[in-house]
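Per-chain numbering from 1; labels A, B, C and D assigned in written order.
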């Protein structure tokens, strides 16, 4: 992986963009190894992600050159250098299966990230995973009355750490509109249902009551509309009449953690693009 | 299969029912080969399905004997003799992929049923499947004003044929409460979404708009509450940002037909039991 | 779809190919809407597929121009014009679930193809599907002794019809090396197991005996090595201890037909590329 | 769960066994809540698993009474009392994703077990999971020459701890025939391929080379025939041409750990029965 750079961008579609971008890369000495491009016929948006090997590239110089192209076409774009590990803040409440799973995947090298802080509304000793090592742990209790102050504390951590991404790994507090807005486009949540089914609280109990034959989980960007943000990844598991709500909760943990890991990995590899209320996800 | 009988029953749970039923069968000469029983700890209901070989059994005599046990415990029950092919009415509108699939599975012996009528609100020549052979085809057009009369025609067919089951194989008309009530417990629908997501019309277009990463289908018993009946089977298929609503419709057909086939087969093999708003489905 | 052209190509990788091809298309007036490119770091091969809208394009002129680029880089390539329906020969023996399914998908417009012949070693009346309409049906019986003659007959049909693709839709005869070679790269088979498990005859019976918990199907290009050709698509279905070999056969039909349909559709849309013994499949 | 007992048994089939067993339970005051029975028509074997509530039951007395029935029918059987946590020895080499996952599921109560020892041929500090707490850890290095001695050490741990089950959680040593025989019926392995495909070493590299479109994992009982033991659970994950062998290894970890967890949980809940070279697994 270590000499592969990534360019990801989106903008309004117009003829010639693929040639323009690939031409730019080639002229600057990049060897494109994996390019995916898609122009949405319905939204009129254009999406491109390219991986390339670039011996002796001067990324800052390239970045400055490409900025002119990008500005001209009002692109949202990023250029990722080899070996950069994005900074991530993980937020959690009492259930730590998703948190522990992300930390494990980081540890074994499956997800390339640098967890700069763990934030919880509960003290560290309620958690059962023991992979947290010496990652700074912030216990910010929250009540109805202290929500603004608590969110200010969280913002401070995000700002101080320079976090690229905030992951709500079963953080069971609803973010205020202000907080959602602050984290817009850089905050991923895992909802423990196959959205749009079973929004809101206790989705497994809702699923039990409705008698569905599969339970699911959904990872999405956080927006001001609760459980309505653009979906990044979903998956399901078969369940039977024998399973009580508690057993669905247990089974669901597996789905949740793998769906969240997939979404986080895709985002950190610049594979996810906003396309209105939808996402474009270029597969690995 | 041909010397296997099936007894299926549900009632309020009480200790001793498994011993009672299995004892009855054994005393009457049955050799039980596959028995599944479940007592729901939450609803307090009891469900049992037994397959058994019964050389030289007199089913009528057995039925009369068992009736006493059944009455005593207020059981809902059925005793199916070997080789009985349940009578089925298939209803369809313009999309005939599910209809054609059911007919094909019947023809190759995968689903044991006897389709006694096909009913549609469209003429036969709009359908593309050609497996209908000489099954009686009833074209009952429907408008807002003629709905009561049309439903009366359908009821007549159901009654005249002695149908055990009515399958809505993409029949795109909403049944009246009266009709739903008439068919209660013996009418299976396929809804082209992963319920409870995307109820109502054009679910694939809803799914596209919401940007889900999997589409699904749900087979359920028809009740007076639209798209709310007890679920029998569900399945999903992965989709991508590249797929337009039309492509989702095409992909969804595959899911719909296999989910409907699974539900119809399970029902006709007496594997499905109502448990309040949920179902118990003993797997094959 | 109808004004979308497709260019698909593979060759040895070298820097600049994406820019070269996309530049060529743009200069000639094409608006690229969906491009996928991949350079395999292990084999060193390069693959590209582009869809583009091309108002008033002169495909013959473009084809001639591109030929020079293609020759220079020893590309294997194809340029598909809008609305071209590839010519397909379907081969079948006694089990016609896959055949019927392909015909149905063609009829409803899901797979864009033109079935120019159905070839079987059995007479048409052993088949249960009735979607064959007036497609020419060739009954070429085969015995050990007449295999060369029979294969000559098949070749004649393939040649006379100008078939782009031959699909073995549960054609249960092993092709001779000569025949496999004749159809190299344009013949797709469905094998009723999850290869490389259970090669050869009666895979469901082998699967039963081995006690696997999932059965599968594999669609692959036919080569001289039986059941060893490059894999295009695979899928599985869960099975249980209750299922006898015959029930596995029935369940497997569903998997077979959807796996074969997926492979045929991908091939006909120029999404499949040979990469040594492996394939590159750009997803729809 | 806490007042539910479980009786599980297998023997040669004969008429009347369900009535016999359920009658016995009922007469002794048990309230059967979940019973699954299956008589395999091909092997002629009979399998039954019953859960029941048993207020004030004297399990030892019941065990003695049932022993007579069991002996008479040459049953293999077990009666599990509420709250018993089976003793488990986990074996591991360098990859600890499956080990860490099992420990996590134990910790959160999803799998009811008591891990009495962790045994490895590597020192504890090569492992990245930190859930091992104060579970006794045995580092028994192994070389070709010291295999008999090492296996003797393992046997000693198994014997001393009174382990009910040994789990090879990516333990990368092949057991000797003697060891396999010693652990017969109480040792579960996870193989990192969809058996019978890709037996032996480096299955993901084999899978890459063969170009399969799905990778899988298989959990099975260990027997003297390497990778040939009776299968308990299997699952797969979709993969693409983009994934290198290393990426398949990473993706496979997810499948491995959930397949192993499913098999271990099923075994410990007495849901798995040997049926010749196959297994019967009553679903939860």
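Rule of thumb we're sticking to: contacts are C-beta pairs under 8 Å (C-beta built on N, C-alpha and C of every residue); 3 or more make two chains touch, one makes a residue touch a chain.
Here's who's who by UniProt: A, B, C, D = Formyltetrahydrofolate deformylase.
Keep in mind that what you see is a predicted model, and the values were worked out from it rather than measured.
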Required minimum of steps from subunit B to subunit C, each step between chains that touch:
1
Quick one: point me to the chain whose Cα centre is farthest from that of subunit C.
D
Chain centre separation in whole Å, for subunit D relative to subunit B (CA means):
36
What's the distance between the Cα centroids of subunit A and subunit B, rounded to whole Å?
41
Residue list for subunit B, restricted to those that touch at least two other chains:
34, 38, 41, 240, 242, 283
Based on which chains touch which, is the overall arrangement a line, ring, star, complete graph, or other?
complete
Partner subunit D, residues of subunit B touching it in the complex:
13, 15-19, 22-23, 25-27, 30-39, 41, 50, 238, 283
Write out the stretch or stretches of subunit C touching subunit B in their complex.
34, 97, 100, 104, 107-110, 128-131, 133, 240, 242-243, 247, 250, 253-254, 258, 283-284
Spell out the residues on subunit D that touch subunit C in their complex, using ranges where they run on.
38, 40-42, 194-198, 208-214, 216, 230-236, 240-242, 244, 275, 277-281, 283
